[in-house]
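The chains carry the letters A, B, C and D, assigned in the order they are written, with residues numbered from 1 in each.
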Amino acid sequence: MNAFDTTARGVYLITVTPFTDSGALDLASTDRMVDFCLERGVTGLTILGIMGEATKLTADEAQAFTRQVVQRVRGRVPVVVGVSSPGFAAMGELTRAVMDLGASGVMVAPPSTVRTDDQIAAYFDMVNETLGPVPWCLQDHPVATGVQMSPAVMLRILKQSPRCVMVKHEDWPGLAKLAALRAASDKGEVGRVSILTGNGGGLFLPEELSRGADGAMTGFAWPEMMVDVVAAHCRGDVERAHDLFDAYLPLARYEQQAGIGLAVRKHLLHSRGAIASPFVRKPGPRLSERDVADIARLVRRQDKRLAELV
Amino acid sequence: MNAFDTTARGVYLITVTPFTDSGALDLASTDRMVDFCLERGVTGLTILGIMGEATKLTADEAQAFTRQVVQRVRGRVPVVVGVSSPGFAAMGELTRAVMDLGASGVMVAPPSTVRTDDQIAAYFDMVNETLGPVPWCLQDHPVATGVQMSPAVMLRILKQSPRCVMVKHEDWPGLAKLAALRAASDKGEVGRVSILTGNGGGLFLPEELSRGADGAMTGFAWPEMMVDVVAAHCRGDVERAHDLFDAYLPLARYEQQAGIGLAVRKHLLHSRGAIASPFVRKPGPRLSERDVADIARLVRRQDKRLAELV
Amino acid sequence: MNAFDTTARGVYLITVTPFTDSGALDLASTDRMVDFCLERGVTGLTILGIMGEATKLTADEAQAFTRQVVQRVRGRVPVVVGVSSPGFAAMGELTRAVMDLGASGVMVAPPSTVRTDDQIAAYFDMVNETLGPVPWCLQDHPVATGVQMSPAVMLRILKQSPRCVMVKHEDWPGLAKLAALRAASDKGEVGRVSILTGNGGGLFLPEELSRGADGAMTGFAWPEMMVDVVAAHCRGDVERAHDLFDAYLPLARYEQQAGIGLAVRKHLLHSRGAIASPFVRKPGPRLSERDVADIARLVRRQDKRLAELV
Amino acid sequence: MNAFDTTARGVYLITVTPFTDSGALDLASTDRMVDFCLERGVTGLTILGIMGEATKLTADEAQAFTRQVVQRVRGRVPVVVGVSSPGFAAMGELTRAVMDLGASGVMVAPPSTVRTDDQIAAYFDMVNETLGPVPWCLQDHPVATGVQMSPAVMLRILKQSPRCVMVKHEDWPGLAKLAALRAASDKGEVGRVSILTGNGGGLFLPEELSRGADGAMTGFAWPEMMVDVVAAHCRGDVERAHDLFDAYLPLARYEQQAGIGLAVRKHLLHSRGAIASPFVRKPGPRLSERDVADIARLVRRQDKRLAELV
């Protein structure tokens, strides 16, 4: 379960990037956060995504953070790095840099400028040329990119991309699309590909597992939710998977809010001791007192519900 | 609680438009659906919205359906009609027609072509000129329209629109925006306006009520959920409001899926006896066997959970 | 040259809708405008498009205007009616109404909501079902619709649409795309289709004719420019076609401005005596004094240049 | 006329980035191109824009190219560098790097993610914080960015941005907007700001100068066209300005095509001896034989027309 290849399963957690209260990159918290995730059973880490505030890091910071994560992980799970970029030159440079630092692979979403099936396919031809032998994950995230990829065009990309080992499925929620991709992979129309889902922070995880997802790639301040849901599903206890999921759903829903979601996540990770500060760099959301009160209520209710679940 | 004016509260249900199995407008089911909603305590009905398949009705059908709803309601609750249109001529014609049939007011969302604050404000100047004395609801639904309205521009619209009595808040989830509008209304910067929320079928309803929403305007096959949540909140029992909400949340989340959501809702309304057929006109989603199985599981689990709640 | 079928050639003029100074539909000017166009050699008329202020007409006005145009034309050239609509019910109703009034066919552009090749193709399946035996023109206008149709998807639509007799090519300027469509039609990959171009009011007309366009479908206050350019090109005098085109280009460019373009066109048509009033209904652009001065200069320069051309 | 400040006038040419036939950065051609521009009278150079293929350059290449341009220019005209970026960290890094290399200032366009007036204003607050004392140019280019900035929001930005010395006006064509900005600057509502226009490669240059533009910032393989048009306008010979402009318009129009425009420009610059190779890096357009034939015809006709003009 430990390679970044087409057999990948489980939970690849999208991590935040920890800062100190004064906004500096916090490498000590980086270690703490890595430990926090691994102790909860994640099978991979994805860094430098949108929720990792990648665009607010200098090139030096991005490399320092990547180095720290890779070193702390010590090969126990794959580390995947987001390298989506307006230009292929920058994408290639960042890919080479992070692979040199020991990353396991990269993740690419299409830019908002591509629209037609032919444009999308041509874009990923260039991605393949740019990444060369590096294994990569295709991120399908229409809400963020504005790019809608039909099942047909995704299969076309997979056929032309021998080093694409994983799909991050975020077409909200797209159960039919997920099922179509899995069926094509099962029938041998394309090679086996790992499909991890990220819709709204896993807001459809139980249903997605039933449609053939291999797990989740998303962020949530309780990674153990996803780990436990996937485990219950794998051992065939679908009702237990739903019970666990339902217990976390009210808070997960709140953490996935557009706008303040990242501030909610860092607030929760900080309160759980995973990072030293909930600091979000500008431009970024701030929590109001009412937001904090909402969160406190939801955490209290979640604790109660989990206690009843045992 | 029964007038379509700035004092409106409670639950304005967004209704579907019932068809027979062969696709004809089903006026008998229209009566049944109206009764179903009123028996569950809704305080208003909103018809001919996106989820009402308005664009699939001929002008004659839209009027026949409106007439039927108004006649069945017999003035017990307000009936609001969606009249958003690419042109003001059509908007004016439909408005006059439905008001003549006895509707209480109309609802308007901005078209996807307006972008800047000045364009948005100018658009609603034309809306005011078009609607004249008709009371109307401002629909803020960026996910569907692509139009982002800041609190500042919404207040500007409210100031220039004496007949705008209600805001349908769907800026997902936009708790801060809702709080800002309510505060401006409370402080007298604008006149009192009713604020009903519709985010994702009410997926943030308990939090929105705490921020000052007067209730919900959205669709869900269990309108009693929203009615009961609002009632619990109004009598100060916030935990009970959350308990109720959480019990319905897994299914509400499923019914709010982009794409197949309408088919899920009609399937559920049909299974509850509110309409005679789950038929959705083309172009529209169809449920797969797996979708139906998902729904069955979620209903079963919801029933169990509700039984435990009492 | 006189049927709305796959042999259509020449200039289909996109007409304005004339109003009186007080904003009423002006049926007398409608006759005058029809005569103005036919006297200048247009081979077809296209009405109720964006530049025809279709969304500002009531249903009754749209039918009255269509009736007047058809009666005045008396079958001398085809009359094509824009019927793009957010819903198929409205599209079908308008199509039936205008065909009953004697229109020759209709024109349809995809709505901004379709994105992927599969969505676009599915949309036009519904168009075919809606229009039935009515001959129609496929409008490819990405600047207005936001929908990008690759040559591949356009050929797919043509294959599935036996009654689609014409493409209005407005993918700015898209000479390669035009050439690809023409080549596919010439090679028999799809049936023969008429291709008329409308880019920026014909701002690439000479080059488009060289790539295989059958003529132009667009608006310009000097329809004789397009008629003469097409005629020169047809008799093999490409340099003359360019000479004529270049003489009108500075003013054509000005009339094609986003925003005030329609006001410029009506101002010019009024000054040429084609319509009684330059009135544009709200919401719509108004010319400033400086705009009027710009136009006067450009007309004066154009007159001088044309005089030199003889 | 030689400082990058609010007095800037004339023609700031948007330069291409020259490559060799094998795709390497061509520093010898960079010198040649700088000389070509300065000999034709440009008053500034703008590098690393969209038409400069900035996203296809590595960070090292971008710096090497900037260094070469600055060194060749030797302070004779300002050099402005495009630094628009998805993140402020990258924007700040690139700005510091190019200013250290001797650039005169930078240019920033808003990202496609900002929509409302408040979002736009907040974005430029962050730009000011990021750029600090560096003088900068506000690029208003809705066709490329999707961001529509009303005159009101642009004035708001100018008021909050003491180091914003220039507006690059590309709101196609937006003569009324340009006039409004100039009027506000003349009336002292905001400080004096230089306004250079770039619409469609200067396709409205004569009219824009009449509305108060200080010149042009755009690319065209004949920079002398813009230099001469501006000069004629400055000495009050508006008809001569139009005569010159009209002579170049057919080719300028062709060079401004979406899609292949950059390939046309490099083809022409190569044929004029300004760069050693017309190479465009991938992903980028290629000219067909027919495109080349079109261009040859237009150049031949332009030469003839210019000869007649003298």
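Operating definition for what follows: a contact is a pair of C-beta atoms (placed from the backbone, for glycine too) under 8 Å apart; a residue touches a chain by one contact, two chains touch by 3 or more.
Chain identities (UniProt): A, B, C, D = Dihydrodipicolinate synthase family protein.
Not measured: the values here are computed from a predicted model.
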Can you tell me the least number of steps between chain A and chain D, where a step is a move to a chain it touches? 1
What is the chain whose Cα centre is as far as it gets from that of chain D? B
Gap in Å, rounded to a whole number, between the CA centres of chain C and chain A: 48
In angstrom, rounded to a whole number, how far apart do the mean CA points of chain A and chain B lie? 33
Quick check: what residues of chain C touch more than one other chain, meaning two or more? none
Chain D contact footprint on chain C (complex, rising order): 172-176, 179, 203-204, 207, 210-211, 239, 242, 245-246, 249-250, 253-254, 257-260, 288, 290-291, 294, 297, 301
If you look only at chain C, which of its residues touch chain A in the complex? 115-119, 148-150, 152-153
Quick check: in the complex, which residue numbers of chain C touch chain B? 54-59, 61, 85-90, 92-93, 112, 122-123, 126, 129, 282-283
